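Both of the next two complexes hold chain A, though its partner changes from chain B to chain C.
The block that comes next holds the complex of A and B.
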């Protein structure tokens, strides 16, 4: 470990690893992580769990979450040892952030390192029409985040010229400089029950990565 | 990104697969797991990739990222998602698309422009309403509630599958309603994608299978019910059957398959929600055609009241 002037700022960093594909193990040495409330399944060593009000974003975040409906109950796990997190046997995906932002549905965010900042972000009317809500959770900073997905998430790259269209129910998260637009394939045939079954699609353009899960949440657009 | 892709998630869900470090979807392994016994029977699903990719660790290589070109061509991305290299029309069940690259249009079946195409692939307009045509060019990702997906190749063959399990098929195949209610039959040459709860196993008849584990069958001429009636023999057995005293194992009823072919089984007894296969005309002699059943021989048949025992069957049971 390098020693120097900034030594006192070097703090132990929680180590994220997967225990199997459905359990997240975090090795901690006195530091803390933010995790979804009640997602701890086991721990070794000394751990303290504290519920954070308003998604752990402070007072302003609390108000924002109340207003936006992007509800997230978060706890802080702090201590020494290994803590195991899981959520209803869904697959856990680790995402490394290096300063960029990760946009994720609150339902799919399992755990974040304490160095990451979480907040809410406005997705526009697109989100509402696709049944995902008007707002999404934004995770920023440097560190590890763990996402859950129903079935292992597939990571798809979006570049200029190759836009990606995603079923809103299969969307989990995205990173990078992407803009999302709602594409509607609905026409008059949808109204008479002869629709294409994929009436709502979210189009991602720009540069970035999109995480999709091999299953579909029940959304408004899912079965039209 | 290279093909075959590494698994972006932790370990393979099928830990018993032998490690196969170089080519997860190698032809060799494919051959080992399956020896065709006759032409025209379906190819088994691809074996899932063994655990080659290490868990993405801090400081490691990280998970695999796919783009429009590195997605597999008509193959599984992982056991739960299937990538179709679309070039032309393709039929899929409503709501099974999770993502796509390229220019693809989804239209409900029953519209004028594709009516002619429809004729070759569907026989009943009612069940055609559950299907969607994807047209265009691009890569299409299919998935169904994180169930295992497999693709099957039919070569001038036929395969009957539970209606809820069929996901997508090439237009070179014709989809027909099976005589057996709740099942669909695919006839012809081409590829289709079906879901199952857990990996699919291929077994050869003669075999008796649990009704909930059955996914489908190919070429078998005689699928029939089978009941273990030995536990009903004698007076004690009769009382047991009528009153439920003494219990039953729950496995007295099976499906029996006789004849040449293959039977597809899933590795769990959890069923997928059934899709409507379309109505059949109310015609005499058509199973499930809405024609009232023949009264039991000996004339009047009492309604079966659960809990009281099947008193209505009593006469038939004792040959009266």
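The block that comes next holds the complex of A and C.
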């Protein structure tokens, strides 16, 4: 039986589980997962690692990635056994997707099931200020995804009428039907260098979940 | 066992007269009671020849001897600490990952290059682990440091475990250690998956792996 990319027969599905809070264990039986390049820490059984060209799906994804700088070098891990992934001792969060889309910073995406599609989406100025670039990674489909966060992430629910503002450096990911806008809290004190360090925030409105980490990466907004 | 876990990054050691502890120099955080810390010129046990051996092997992480009566808190660099109990078996660990261990354990240096022929020599160069490693044998407990906590993976006959050399912390038991490569044409043209080198551990025992690719 030929096994190709478009092989859609009944096939075993990779099982994601956490080994402690910082290591992701994936049980595989001949199937594959996509993971950040070099994030494997150990495996049992037989595994092969192959860098995926471009990382996105298809030629368009590849070109998009080249242009956008949302470069997450991705490898495909395929084989039989258990593979363990970790990234710089960051906490791992498992997210189950049932057809919805997950938007995540490329730096925070550790591993996705092969059934999920990854692409890039334009965030505009929001991303610029947060130091995340103009584009973010969009994960779609049905299956498991593993995110990393610096410290245990909290999940905040956003509903109609209760918008959420997040520090751009602490933002990790979001799901659901959310729109995001950049809000500036900068006043005249910021201009003379006496800002409170919270000059930029990202506001989420709509319905969905936002993942926030208890740590702030260096951002443009955090400096002023 | 003299060590008690305070939290993920600190251990408390009870010290009694006649029972020595060895610890990495400077790893003491606080102590109570009447405890003395002596720099260990020999860098451990085994006399002068052993000291020279360690110097040559670059496994001469400065150790200190802890003696007296009281209790001592150990921690270093904010790294996670993992306690390992030895009951007559052997632990192989890099010297700079050793936080503290009981004086009842025999310390020696082992040449790792001998395992696996030429690849053994290459192993040290590629993994940055050097050709030598520290070996602890006997009855007692060891506190080992790792970045981001440790998971234990069992190794059984016919079920080898492959470990990223940077994430490898220590191993125990009757384990053979070999560098395996998955170098292909992709790596040659700079399109590697970042997993070109792996340590293959086979035999019977346990390997300790940290949740990070950061060396200490």
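Miscellaneous remarks
Please note the rule applied: the second predicted complex is superposed on the first by the 215 of 224 C-alpha atoms of A that agree within 3 Å, B and C clash if a C-alpha of one lies under 4 Å from a C-alpha of the other, contacts with A are read in each partner's own complex, and residues count from 1 in each chain.
Everything that follows uses one rule, which is that contacts are C-beta pairs under 8 Å (C-beta built on N, C-alpha and C of every residue); 3 or more make two chains touch, one makes a residue touch a chain.
Note that the structure is predicted; figures quoted are calculated from it, not measured.
Set against each other, chain B and chain C differ in how many residues of chain A they touch, and the higher count belongs to B.
Of the two partner chains placed around the shared chain by superposition, chain B and chain C are both touched by A:20. Within the superposed three-chain model, A:48 lies in touch with chain C and out of touch with chain B [touch as defined at top].
By the touch criterion defined above, A:157 reaches chain B but does not reach chain C.
Contact with neither chain B nor chain C is seen for A:146 once the two complexes are overlaid on the shared chain. Look at A:97: by the touch rule set out above, it reaches neither chain B nor chain C. By the touch criterion stated above, A:37 is placed in contact with chain C alone, chain B being left untouched. Applying the stated contact rule after C-alpha superposition, one finds that A:209 touches chain B and leaves chain C untouched.
Within chain A, the residues touched by chain B in the first complex and by chain C in the second are 20-22. Within the complex formed with chain B, the residues of chain A that make contact are 15-18, 20-22, 91-94, 96, 144, 150-157, 159, 162-167, 169-170, 185, 189-190, 193-198, 209-210, 212-216, 222-223. Chain B makes touch with chain A in their complex at residues 7-11, 13, 55-58, 62-68, 71, 77-78, 80-81, 93-95, 97-101, 104-111, 129, 132-133, 141, 143-146, 149.
Here chain C touches chain A in the complex through residues 80, 147-149, 151, 153, 159-164, 167, 182, 186, 191-195, 207, 209-214, going by the rule given at the top.
Taken together, the chain A residues at the contact with chain C in this complex read 19-23, 37-45, 47-51, 53, 73, 75-76, 84, 86-90.
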